[in-house]
Each structure stands twice: as C-alpha cells, then as structure tokens.
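What follows is chain A paired twice: with chain B in the first complex and chain C in the second.
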Partner chain A sequence: MKRFAPFLLLVILILFPLLVRDDYHQHLMILVLMWVVIGAGWNVIAGYTGQVSFGDAAFFGTGAYTAGLFATKLSISPWWAMAAGGVAAMAVAFPFGWICFRLRGAYFALATLALNEVMRHIATIWEDLTGGMVGILIIQTFVSKVPYYYIALALAVAAVIGVQAVMGSKWGYYFVSIREDQDAAESLGIDTHLYKMISLNIAAFLTGMAGSLYMNYMGFIDPEVVFSLHDISIMAILVGIVGGVGTVYGPVVGAFIMVAVHEFFRTGFFGFFKGLAALTGSQAITTLAKYVMQAHVLGFGILVVVVILVLPNGIVGDWKKITGWLPLGGGRRSAA
Partner chain B sequence: MEVFLQTLVAGILKGGLYGLIGIGMTLIMGVMGIINLAHGQLMMVGMYITFVCFHYLGIDPYFALLVSMPALFLLGVAIQKYTLNPLIEVESILPENQVLMTVGIGMVLTEVARFIFSSDYKSVQTSYSSSSFFIGEISFSLALTIAFFIAVAFTLFMFWFLLRTDLGRSIRATAQDKDAALLMGVNAQRITILTFGIGSALVAAAGTLLMPIYYLFPDIGGPFTRKAFVITILGGLGSTVGAIFGGLTLGLAEAFGATYIGMAFDDMIGLVIFILVLIFLPSGFKRITKV
Partner chain C sequence: MRFFEVKNLVKYFGGLAAVNDVSFEVKEGEIFGLIGPNGSGKTTIFNLISNFHSPTSGSVLFKGRDITGLKTHRICKARIARTFQVVKPLGRMTVLDNVVAAAFSRAKTKHEARDLAMETLEFCGLAHRKDMLAKSLPIGERKRLEITRAMATLPELLLLDETAAGLNPSELVEAIDLIRKIREKGVTIIIVEHIMKVIMTISDRIHAINFGRTIAEGTPGEVANHPAVIEAYLGEAYARG
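Now for the complex of A and B:
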C-alpha cells in the first residue's frame, strides 16, 4: 500500500481538473503545486543540507522578474523564461553562496534574509528596468486554468522526482553529511563549500522556475508580492517544516496544508463567519469576520510556534508520533 | 561643512540608540548562541506600551520607561521559558529551530499588535517632540539628545552590571562556555531566561526613547530586527563593546547615506554594510578591538 501511495496521488492529481471544474479550486491546486516546487527547493538546501534559508523570495522574485522582463523588454514569450528564470536565480545564488557560505548556521540564515531585502530594494529602486512599485503586467497565454495546472503539475512532479534522485545519489549523502556534522564531513575529504553551493543552486533553480511559473500564471507582479518576506520566504519555510524537514514528500504535504490554512483564514473559515453574520445580523460578528480574514499571518505565526514545539520534524517526519496520539493508531505509542 | 557636522551629530545621536538595541541582541546572542529574530518586534511592543501610557494615561514617555521595561522583561522571560527553552530538549533535524521559533514569535507579536491597534500610523506628540537647540550652527533635536544620554546611561549601567555583579559575571561565564559555567554552579537555564528578559527590556527602552520623535505601526519591528542584526554582525557576534561601535557605525552610515546618497537608500545602506562586513571583516569590529 505504502509503495503505491505516490502513484495513487499522481493519478488523482492528473484527474483532478477533469473532476473539479470550477476555477477557484483549480486555482488553489495550481498554487499548491507551485508551493510543492518551492518547498522541494527549500528542503534541499535547508532540510537536507542544513543551511536554513530565509531568503527564498530572492530566487522566486528573480525568476518571476526574468519572465516578466522577457515579455516586456525583449518581447520573447515568457514561457522561455521557465528555464531562464531558474538560471537567473542561480546567477543570484552563485555569488551569494560563494561569499556567504563561509557563515554557518544562523548567520547564514541571516545573510539569506539580507539577500531577500536587498533584492526587493533593487527591484523597487531600479525603476527603468523593473518598473519599480508599479510592477509588471503581462497578458496570460491561456484563459482556462487547466493548461497551467498541468504545467505546474509537471514541474512539481519533476521537482519531487529530481530531489529524490539527487538525494539517492552521492551528492545527497554529501548534503546530509554536511547537515549532520560539517567538520566531520570536511575531514572526510568532502569539499563542503562546493557541495553547499551545489545544494543552494539546485534550490535556487527550482525556486526560480516556480517564480517564472507564477509570473506566467498570474500575469502581474510587483516587488512587494514576489520579494515578500512573509508571503514567500516564511511561507517556504513553513511548507518545509510543516510537511517535514528532510523528507521527500514533506513539501507535498506542507504545500497542501499551508495553502489550505492560508485560504481558510482568507475566506473567513470558508465563509463561516460571513454566514454567521448574515444569519444573526450582528455587527460585531461582521467586524470579527473582517479581522479573521486579515489574520492569516497570525495563523502562520501560531502554526510555526506550535509545529516547532510539538512536531519539530513535521507531519511526514513525525508521522509515527501522530499515529501514536490517535486511538486507532494500533496502540503503537512511540517512546518519545 | 555645516551639513557634514549636522549629519555627524544626527548619526551619533541615532547611533547611541542603536547601540542600546544592539547590546540587547548581542547579550541574547552570546548566552543562547542564537539570533533573536523577534528583537525588533519586541521593541515594537515596547513602543506600543509607551504609546498607550502616553495616550490613555498621560504618562510622559520618559517615565513610561518604568512601565515598558519591566513589562518587556516579563514578556522576554515568558518567551524564553515557555517557547525557547523547551526546544533545547526537543529532538529535531534542524539545529535552527530556535531561530525559526523567534520568527514565529515575531509574526505573532506583529499581528496581535495589528489586531489591537490596527495598521494605522501612531505617534506620541509631546511638547518637546519637535523642539531643538543650537550649539553654534548645529541644531540638536531635544528629544533625541535626551534619548541619547539616557541610552548612554543604560549602556554604562549594563557594563557595570556585566563586569561587577555576580549575575553579570554568570551571564558572561555562560556566554563564554555553557558547560563550564554549569560545572561552576551557574544555573545556565535561569541565566538564559534572565538574559532574554534583560535583552528585551533594553530594546524596549530603545523603543520608548525613540517614541517622541518616531512614528509607530505594527510592521515597524521587521526593519529594526534587521538593523539589530546588522549592528551585532558589525560589532562581532556576542561582543558588547562591538555592539556599541556597530550601533554608532550604522547610525553614522544611515545619516550620511541619507544626506549624500538619497533617502530611498536608507534601509539598503545597512544591508550593504552588512554584506561588506561579511566579506572583508567576518568577525566584525571584535577582530580590531579584541573585546
């Protein structure tokens, strides 16, 4: 059963747009798939290699802007930027990693945070190129969401399979050895700087591709959206840690849950509060609903705190712990 | 020349406050070994406390220090005790869990502030907010000058505390070598809790002192967290003297950047310095001052 679960999931995902035809749910699934790609990238650098990145938005935004500039400045179809966006993100990651991988642990994390901010400021200030705060608007290729869905699905599947392949290779073992003990890895003759660079560039490539997809799909970007610390960088971390750090399917689970939580708050508990307000006609509940709908960042914050405290290895990583809590978990309570 | 001197003064006055922010951060850094990414958000909470004291209770911002500092001390203690310390025992793949936790706490603080006070800009308008005095041709903002001297007083007090008192010595011992400190009979857990409290109280003081001349909104924490870590990186991680130099440098750099390059680059200057320091002086001023 467990062996076939990924295939079963894939079949469901392939059939999804045929079964669910309304735009809203298709839109959400496209976002989920996009987050799978970003989460997979974050997982490579942070989950497997142990270099926590707070700056995924730098790569995401670079990919998105590459696509946007392809369309507006070069008049080339932004779809070419799917690959170019990944390469552009690597072009950002390469010098950054070269300099900042001399830092370890939390200091590296800080440097990524700084990268995030610097990229956002550049995109805001360099108005001749990026249009500044006005952003970039392009015409989407397709009206229907189905083509986007399958492109996103292909990208997500490729990302997951690619990460699995890398982690099964020699590189993967080097990555994990760096995470577990960098000095020991170094003394065994692993060029830790080189492999951290490779890991970061894989992550940047995937995240940049996701950024290009976002530009192609949404048709509009501005610096505050694609270089957002909370909505992109922190969300990427959340996708990683909620799903499970250092697991292949963690980002898949994490992406699904995070988009659901985001939507849950944005729609006011799926319209629950609005319905309640309409039912009772109470002014207080209408105001409350307004607050709840703006509270998704608060929800994320609380989720971070709770997940780190209770499930430090995420849902996939701590699956045994979760089944241990359930009365139907076969009574296999874990010792921890 | 006048413009230059004026900028110099503005930079030093601002730098004194930045030093206070940096010391809180660097203390936590030294003892816990983590960067506190909720530092600016704690400052934001301190600022809101000042705002409430002034606006609803009519307490002058400088007396509000007596409210905001103890309040933030308790908040810091609670954060350390109930969210960060339990993580030490948790088995996890990522060693940076505590840093991620501070990010989560920062988000919660910001959003709770948004819930209570909404996203509007708030300010505290005192009689001396916009008054200034002149020495020669150079104008000094009265509120900023008072804030600077109070910040210097706090800084000196912190030095006395760290160098001369038992508790201060325990904090330094824990920062230097936690295991050795434990063996010498220092309750390291209690020290981490107290240190987080003290760090929070110091940053609250900085926030309160800034309040008469600054504006306030829930997202103000993020930029100040970034400033705080630029200061600590500049000064050399865990170095208290370095934090003061780091604070002054950042204050001066921001002031000169704003005067000679442009206001739009205000935030970016700190980040550029940060990256330059990482490349050319990875251990910050600590390497030069050796303290």
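Now for the complex of A and C:
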C-alpha cells in the first residue's frame, strides 16, 4: 500500500481537472501544487540540511519578478522565465549564503528573515524597474485553468522526484550529516560551507520557479504579495513542518493541508461565520467573522504549536503514530 | 622526511594559554600516547591539528607538508582522521549511513561508499548494529562508531580522544584489540587516554603535558617514572581529595 500510494496519488492528480471542472477547486489545486514545489525546496535546506529559512519569500518573489520583468521589460514570454526565475533566485541565494553560512542556527534563520525584508524593500523602492507598490500586471497566456494545472503538476512531480534523487546521493548524505552535527561532518571530510551553499541553491531554484509560475498564473504581483513574510515565508515553514520535516512526501501532505487551512480562514471557516451573521443578523458576529478571516496568521501559529506538540515529526514522519490512534488494527498490534 | 610533527604549538583562549609551546614528532606506524591531567590541553592539541581552532602560533607538518590552517575537511582529505572525546554521532542517521557519509570522502559512487562502509563496520565489529539509529547506541558502541567513521575516511594518521573512557572491562579489552588491529593495518595513531593501564600498555612512546606545557616524553616506563609526571598526577589526586 505504502509503495503504491505515490502512484495512486499521481493518477488522481492527473485525472483531477477532468473530474473536477469548476474553477475554484482547480485554482486551489494549482496552489497546492505550487506549494509542493516551495515545500520541497524548503525541506531541502531546512528539513534535510537543518538550516532553517524564514525568508523563502525572497526567492519566491525574485522568481515572480523575474517572470514579470521578462514580460514587461523584455517582451519575452514569461514562460521562458520559469527556469530564469529559478536561476535569478539562486543569484540572490549565492551571495547571501556565502556570507551568512558563517552564522549558525538561529542566527542564520534571522539572516534569512532579514533577506526577506530587504528584498521586499528593494522591490518596493526600485520603482523604475519593478513598478514599486503598484506591482506588475501581465496578460495571462491561458483563459482555462487546466494548462496551468498541468504545468504546476509537472513542476511539482519534478521537484519531488528531483529532491528524492538528490537525497539518495552523496549530496543527500552530506546534507543530513550537516544537520545532525556540523563539526562531525567537517571532520569526515565534508566541506560544510560548500554543501550548505548547494542545498540553499537547490531550495532557491525550486522556490524561484514556483514564483515564476505564480506570476504566470495570477497575472499580477506586487511586493506585499510575493515578498510576504506570513503568506509566503511562514507558510513555507508550515508546509514543511506539518507534512514532516526531512521526509520526501512531507511537503506534498503539508501543501494540501496548509492550502486547505489557509482557505478555511480566508473564507471565514468556509462561510460559516458569514452564514451565521446573516442568519442572526448580529453585528457582533459580522465583526467577529472579519477578525477570524484576518486572523489566519494566528491560526497558523496555533497549528504549528499543536503539530509540534502532538506530531513532532509531522504527518508523514509520525504516520505510524497516527495509524496507531485509528481503530483500523493496521497500526498498533496488541502485545502477543 | 618526518611523518608527522607539531612545532611550537601555542593556543590562547582569551588570556588562558591552553597549549603553550608544545612540540613533538610521531613516527610512521607507531602508537603515540598523549597524556596529562584534566584540562591540560590534550583535546585542544587535537583541535589545533584538525583545525577546529587555529593555533595562535606554531605549525603542524604532515609528510613534509605544512598543513597548518588547512580547513578541517581538507585535513580529513589529507588523511588525518579524528574521533571526539564528547562523541558526535549523526543521531538520526543509521549506523551504516554514518559510516557511508564518511566513506564518501574516498568513494566515487554510492555503491563504492556502501562497500567501504560495510567493510569498515565489519573490521571495527559494529556490523551487527548497522541498521540502528546512531542515537540509540549505548555509549560503548557510540565510541566505537566514532572510530569506525574515522576509519572509513581511510586515514594514515588517526587521532583518538579518550575512546576508552566510560567502557566496561570487556569493552575495554575489545577497544585495545581494535586499536592494535588498526595499527597493524599500517595506520599511525596518536591516542589521548586517561586510563593509565590502557595508555601504558598500548603506546610505543608517550608525551606528557601539564597546563599546556610539555613535561616529559619517552617510553611508557620512562614517562611513568618521571618526577614531573608523578607530581602532575599526584598533585591532581591530592587536589581532588
């Protein structure tokens, strides 16, 4: 069962747009797939290599702006910018990592946070290039969501398979060794600075590609959206943590759950509060609904705490524990 | 050409001279003991050799090459491996993967790395634990994993920092056997050890330090009877009560 689960999932994902035809659900699935790519990238640097990034939006936004600028400044199809977005994000990651990997642990995480903010300010201030707060608007290539869906799916599958391949190689062993003990890793002949750089650049490349996809798909970006600390950087961490840090399929599970949770808050518990307000005509509930919808960051925070307490290894990492809770008989056997 | 040599090594931590003008030479194929009371600077000397700390002054020479200031991972590539007194297992990796990670410093392919790792695990007597997570090994075997990992980098010089501390009597015998086996393989060893019985029986020559300074060097017999060594250890024993 476990071995076939990924194939089964892939088949379902390939059939999805044929089975579910409404735009709304297709839109959500495109976001899920985009988050799989970002989550896979975050997982490489933070999950496997242990260098926690709080600034994924720096790479995501760079990718998005690269695609946007390709279209507006160079009149080149923003699709070409898919790879270029990844490379541009690496161009940000490279000097950053070179300098900041001298920092360890929490200090590195803080530096990524700073990078996030610096990039957002650059995108805001450099109006000649980026259009500043106004953002960039391009004309989308497709009207239907289906082509975007399949492009996102291809990217997500490539990201997961690519990361799996890397983790099975020497690089993967080195990444995890660095996470487990940097001094031991050095003593075993691992150039920890170099391999942290490689890991960060893989993450940046994937996240930048996801950013380019976002620009192409949404047609509009501004600094607040694509360099958002809570909607991109924190969300990336959540996708990584909820699914399971340092597991291949963790980001897949995490992306599904986090997009659902995000949507749950954005729509006020799927319209529950709005409905309640309409039903009772209560002003207080209308106000409450507004706050609930704005409080998704708080909701995220609570979710992280709950996950860390109950499932410290995420859903994939603690799968045995979860099946043990369910009365399926498949998990925990009673002692013979 | 001299095989291995440290010359006038000095290391200051702030105002404290942890290592103060230490020089010694190690001949190819020998087991060279390094002794001294707690805090005398033994681990610091290892850290200077493998460049976890850079020396305040002095130099480290290996096979005619000045390797002072070479990055830690390059020291390993130069075929000097070390173990840590406070063991550093790659906890959430299996024992095998710990050793595979080390073997990659020599192997070109994953297949080669696994073969080298398995071979080294067999050699060091840890093969039966290969699928266990490193963090769940008992302390004796963690120490053994330190040695196994270091050996998988195919060193010519091995630095062992108190690998016998905390072992029970039967593990101690095994550890001594293993160290002898490693030497028979042609690996030169510098060993730091507190257990006098171990270091005195196993070493060809011993270098004794106290407060970061050399106090004696010679055969185990010579060093054990050296007044400065006796004083350093007795002094410590008295101080401890």
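Please note the rule applied: the second predicted complex is superposed on the first by the 327 of 336 C-alpha atoms of A that agree within 3 Å, B and C clash if a C-alpha of one lies under 4 Å from a C-alpha of the other, contacts with A are read in each partner's own complex, and residues count from 1 in each chain.
Criterion: contacts are C-beta pairs under 8 Å (C-beta built on N, C-alpha and C of every residue); 3 or more make two chains touch, one makes a residue touch a chain.
Values in this document were obtained by computation on a predicted structure and should not be read as measured data.
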First, second, both or neither for A:Y173, with chain B first and chain C second: second
Chain touching more of chain A, residue-wise (chain B, chain C): B
First, second, both or neither for A:F300, with chain B first and chain C second: first
Which of chain B and chain C A:E186 touches, first, second, both or neither: second
Residues of chain A defined as touching chain B within the complex: 46-47, 50, 52, 54, 99-100, 102-103, 105-107, 109-111, 113-114, 117-118, 121, 125, 179, 229-230, 234, 237, 241, 245-246, 291, 294-295, 297-298, 300-305, 308-309, 312-313, 317, 336
Of all residues in chain B, those that touch chain A in their complex: 34-35, 37, 83, 86-87, 90-97, 99-101, 103-108, 110-112, 114-115, 222, 226, 229, 233, 237, 264-265, 267-268, 271-272, 274-275, 278-279, 282
Touching residues (chain side chain C, partner chain A) in the complex: 50, 52, 71-73, 76-77, 81-82, 84, 88-93, 97, 100-102, 104-105, 110, 113, 149-150, 153
Residues on chain A engaged by chain C in the complex (per definition of touch): 168-170, 173-174, 176-177, 180-181, 183-192
